[in-house]
Amino acid sequence: MSFFEVKNIVKNFGGLRAVNDISFTVEQGEIFGLIGPNGSGKTTIFNLINGFYPLTSGEIYFQGRRIDGLPPHKICALGIGRTFQVVKPLKRMSVLENVMAGAFLHTSSIVRARARALEILEFCGLYHRKDMDAKNLTIADRKRLEIARALATEPQLLLLDETAAGLNPKETEEAIKIILKIKEAGITIIIVEHIMKVIMGISDRILAISFGREIAIGTPKEIANHPEVIKAYLGEAYA
Amino acid sequence: MNWKGMIVPAIVAVIAVVLPFVVQAPYVQHIMIMVFIWATLGTAWNLLGGYAGQVSFGHAAFFGLGAYSAGLLIFHLKISPWWGLVLGPFISMLVAIPIGIICFRLRGPYFALATLALGEIFRLVFTNWVSLTNGAQGILILSSFPTKLPYYFIAFFIWGMSLLIVDRMVKSKLGYYFVSIREDQDAAESLGIPTTRYKMFALLPSAFIAGLVGAFYMNYIAFIDPHVVFSLSDISVMVILVVMMGGVATLWGPSVGAAIYVALGELFRAWLGAANVLAFGIIVCLVILFLPNGIIGELGTLKRLLSRQKAKAVMAGGN
Amino acid sequence: MSLFLQTIICGILLGAMYALIAIGMTLIMGVMKIINLAHGALVMVGMYITYFCFKEWGIDPYLGMFISMPILFFIGCIIQKYLINRLVEVDSILPENQVLLTVGIMLVLTETMRLIFKSDYRSVATSYSSSTFFLGDISISIPMTIGFLIAMIFTWLLHLFLTRTDLGRSIRATAQDRDAAIYMGVNAPRITVITFGIGSALAAAGGSLLLPLFYLWPDIGHLFTAKAFIITILGGMGSTMGALFGGLTLGIAESLGATYISMGYKDVVGLIIFLLVLLFLPGGFKSLTRR
Amino acid sequence: MLKVNNINVSYGDVQVLWDVSFEVPEGELVALLGANGAGKTTILNTISGLLRPHGGNIYFLQNEITRIPAYRVAEMGIAHVPEGRRLFPEMTVKENLEMGSLVPEAKKKRKETMEWVFSLFPILKDKQNQEAGTLSGGQQQMLAIGRGLMALPKLLMLDEPSLGLAPVLVNQVFEIVKEINQRGITVLLVEQNIMHALNMCTRAYVLENGRITLQGSGAELLNNQHVKEAYLGI
Amino acid sequence: GCGGGGSQQEQGAQNVVKVGVILPLTGTEAMFGTMEKNSMEMAYEELKAAGKTTVNGKEIKLIFEDDQSKQDAAKAAAEKLINQDKVAMLSGGYSSANTNVIAGTAQSKGIPFLIVTGSADKITKQGWQWVFRGAAAPSSKYTSALWDLFDKKIKPRNVAIIYENTDFGTSSAEAFRAACKARGINVVFDQGYEKGAIDFKPMLANMKKANPDVVFAVSYVMDASLIVKQMKELDFNPRLFVGGAAGYTMPEFLENAGNAAEYVASTTLWVPSVSWKGASDYFKKYKEKYGKEPDYHGAQAYATMYVIADALGRAKDFTPAGIQKALKETDLMTIMGPIKFEDWEGYTNQDKPTTYVVQWQKGKLEVVWPEEAASGKLVFPVPKWSERK
């Protein structure tokens, strides 16, 4: 039995089939990449996994347990954390409080939640911003905050949706380091990212989709050379 | 709570206890009782509306249920309406459960208007269900105490207790969760917060306190009818006004708002005759324009204005 | 059977009256997202102006509309410019604090009218106030039918305005993202001022059309505000056609409730429909039109 | 064309821009680079008039625009494709594009411009009646750029246009930016995709902690040791 | 004891005797409150001219308080008048709800309270010795004259009842219903409604189907006018339509209902044409002074002022007990008829009201019952709408 498994999931929005019969499995400890052109359904898949949208059909299993149909908070409590592509900071709370809100999932003590949150902020390089109101953060810091908050819920599986977007190459390096540190901490990751340096550099396996359908799955190398992926996604420059 | 945090409450408590012995005019005591009533109701609303961000336009329903619990005890069963203080909060809470289940599926203005509709439904049903409620004729009782003092201390106690409950709640994990839900429900949900359940955790104590103060109101005013206790404009909206004037999502805001609301109302009534409500309306506009987060909510701004007058960049537009 | 038909006809006509009041609200609450508790008070002021024109100069209410609308447009502009716009620019914990401002405005409008016109009940008796025609034994009120037609026309015009003109689109855009609208060259503060002005003018139109049928006193606004809210949500926020539809639904529901349950519970019927729509059709009737 | 002179900008009590000066000559493609939080977005918002500097001036086509209202800046011919897209989520794709061309001159050519935008981003044509809020992230980015183009601006300011786009589109977007520039539209580009930006720009400025620290042609900066270390990670 | 600024006020109290009057001057009931305030002031001036406002060297001083048509404000006003202003007695009270609250406060403080309008039965049925109701009848007694008329002349077989579901409406309807039952009259339709509706037609159409001889309706003035207008629109022809006071006798009713008001009958406590001395003078004078016709509410306030002056004039001292005693001994002729405070049928300190049945005829309100007070003849059955010009 795999750690995480998605079976034949389908999602319709009105007449549009945004996700069309996608299946994949993720093994514990790996970084699983998900790529595809804009609008191919990646974020929708995340929204299906974490319960924001109901499935049109299909099944999702986590650690052997069927999780589709559960509300998002239950899925989070089971150990699946996520970040949002369009960031959702808790605006009028400080950065620290944002992370504490996540940390309360496993403790009711303010002292402990605070200590845990500070640890995580340190880990994500946001410590110096801890007392700032989240609404005043720059985009990059908001993305970091997304990760920090998700980590605070102590997930076993973390869904990262374009957390390196908008970073310059130097900062991208740092982001990669953080993601790898998360992996080292034993957390399995599914990552959506358009920056090839990130996705090709750290993924163990990659699933490429287009128009909601799978077009290829394999190691970064295989994917990078897959003609259909090149055509639909990477463009000739990468060929 | 450390000892510093105790100073303000301690001073307030001492003043409140000593006051009726210093100022013995029953009229002043009456005003204080009204302040306590509104402060308590405001505190209840604030827990749900201010902290958890679920702006209810139907809190009169809980207030009215509390009042009627007390009233119907004596009307039908000839049991002292003071037992309403025990029964009322529980009835309000019980009714809050289905209300929450219905309304919490909605967000923002939809939630606000759903609660508005429910509040109105209660008023209409209590008006028309004459066999149970005596309809619009209302319920009239005799006051139990000849002086104001007992009422004063009961009201004070209820107010203090509600402050304590709310304070304990918002200073715990619950408080963080409430505010998270207010700031972004989707984000909160994805952080493992069962938002509906926690909204309920805000609603139930809120309804409990509103029911309690409603039951007290019945005993104190000694007459209720559906039009009065389920009023949209005089209760549901006014309680929001009280909280927002004082300061949303602050512990003392509703109480400060209540003091201003009651005091202004009385002063204007005495000074301005028929123009009193007009003057009150103008004050409401001014407060909200110049102190958009209420008096307590803007204390920081006020302090900063006083201490630092350095020129600053002006932000046009804002977000 | 004829009782049933009569009820339905009454409901449709009543619903059109409700829609008239609610059209302005669609703009202010539906599009601009301002919960405006002063809406009924604006209707009331419009009615007083129409009343005054009728009493002083004998101007027919249907013509008085053309006086009350510009005046209310102006009043609405002032309210938005000097009051509500100032709040938009500050960051507050609950966006609902503008609601409170509208409560203040409502009190000021109501009490000002009371000082001018006293609390007396007023009404205008026109030749057509209670004229009717009969279809079989079903009675149909002529002024209500006129109101119905005008409601349809207003709705349609407003719909075209919002979707087909740049000004209309700018109004919607400003409501959705004020800064972004400014990036596009929209003078956002002015747009909101105009919008509130138009909303108020429509409220005035509703008031003028209602005057021959109804009556007037300073506190009458409360009644209209509540109905307008319900209708705006029933129809789907921001949908003009929805508002007409919502008005009709509420009218019919109340009429059926009044006939077959009891006049005292008719409002409960309306409110329950409102709740059901909120729960099962959260986007209002608007959402039905999208597949 | 655009001249920024010693502007100072603060949020409340926190100053984020210090004596920033730079110039965007007519017809050029100027890139503004800098780490996260350096103040790039703040500069663009100040030019747009959404923020007010408390020192310094901004000139556009010889007119001072430092203190004119924000909407007038757009009318003068500056289009801003903002960070985070800022679409009108409940309006359709088409309506969003129409909103881009409110300025009188652009309005006249609305139809043609829209066809041009559709030819640049065919997906937008397919989805023209969908509400913008339901587009995917990348589609939204395309719409935001398209909306900026609809204004037929004299100066186009792009705040991280490639953010969140698939690689194939990133290339495409840069091609489009180049094309726009070649059509005679002056471009001020904020980008994190520094390699790309420096390769195509005629001039670039580097912003660090709210101060301009380096300037030069794209090629010059590409070879600058500091740029290499701090931004390219080479 | 009392603290605060008591001592100053006591000095001021040397030469005045204060009477607190609580009326709605703002809010939904302000129209009536204002009319009553005006009437009381008018009466006061007349009394002053006659030298009756100074008793034992003390001048009667009226202190008006606005209850904002709200209960808490009424309570606060009562508290303030009693405790701060140290009034000798209270008066006022328009809506029953607020009257209840003021009465409760006055009773528990032992201050005499003379009601102007509030008419819920129970207020004077609690055995409250400090509460007096003179110019106002208990709402269930508004119809006394009507029953006399029914029994002697109309003899309806079946009736319909509609009423606003307020305190006043519900208790009037309750009393009427009971009286029907006692006489074996069929109630074929019986419904309360929420006041302020735009459209009464569904209810009226339903009622038309039940086909009653007589309709009895308790309504506020504007509901009243809409109801009769819409009856006309529906071509609904009961043999008689009788209003239960309140709305159906007011000038605004005629103004809004227009010719639909014709032949509508109503019970009432007072009409300007009533034979009591001073009634029509009051009406004329008021109209002249305030530019508007008063109705029975104003007359109630006017008469109440006279009762106050009379009682204070007879009071041995201005202690509550002294005033209470003087009130109790009242026997005064007013424009509302003779006022006495008696204990009967479970009521205490309640005047026995005289009621009338009036009918709109050619745009004027004529007293049609009791016959000895009649100024016109009852038109019955009333012509059908289609038969009228």
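Letters are used for the chains, namely A, B, C, D and E, taken in the order the chains are written, and counting of residues starts over at 1 for each.
The rule is simple: a contact is a pair of C-beta atoms (placed from the backbone, for glycine too) under 8 Å apart; a residue touches a chain by one contact, two chains touch by 3 or more.
As the structure is a prediction and not an experimental result, all values here were calculated from the model.
With steps allowed only between chains in touch, the distance from subunit A over to subunit B comes to 1. Chains B-C form the pair joined by the most contacting C-beta pairs. One finds 36 Å separating the Cα centroids of subunit C and subunit E.
Averaged C-alpha coordinates put the centre of subunit D at 74 Å from the centre of subunit E.
Centre-to-centre separation of subunit A and subunit C, using mean CA positions: 46 Å. Residues of subunit E in contact with two or more other chains: 26-27, 30, 34, 165, 192, 194. Across the assembly, subunit A contributes 92 as residues in contact with two or more other chains. Among the residues of subunit C, those in touch with two or more other chains are 93, 111, 114, 179, 182, 188, 262, 264, 267. Within the complex formed with subunit C, the residues of subunit E that make contact are 26-31, 33-34, 162, 165, 191-194, 196-203, 205-206, 209, 221-222, 225-226, 229-230, 232-235, 252, 255-256, 258, 260, 292. The touching residues of subunit C, when paired with subunit B in their complex, are 29, 33, 35, 37, 83, 86-87, 89-94, 96-97, 99-101, 103-108, 110-112, 114-115, 178-179, 182, 188, 222, 226, 229-230, 233, 237, 262, 264-265, 267-268, 271-272, 274-275, 278-279, 282. Taken in their complex, subunit B has these residues touching subunit E: 22-28, 30-31, 34, 124, 127-128, 130, 135-138, 140, 142-143, 146, 221-223, 225, 227-228, 234, 265-266, 269-270, 273-274, 276-277. Contact residues on subunit D toward subunit C in their complex (touch as defined above): 48-50, 69-75, 79-80, 82, 86-91, 95, 98-100, 102-103, 107, 147, 151. Interface residues of subunit D facing subunit A in the complex, by the touch rule stated above, are 11, 33, 35-37, 41, 83-84, 123, 134-139, 141-142, 160, 163-172, 192-195, 230-233.
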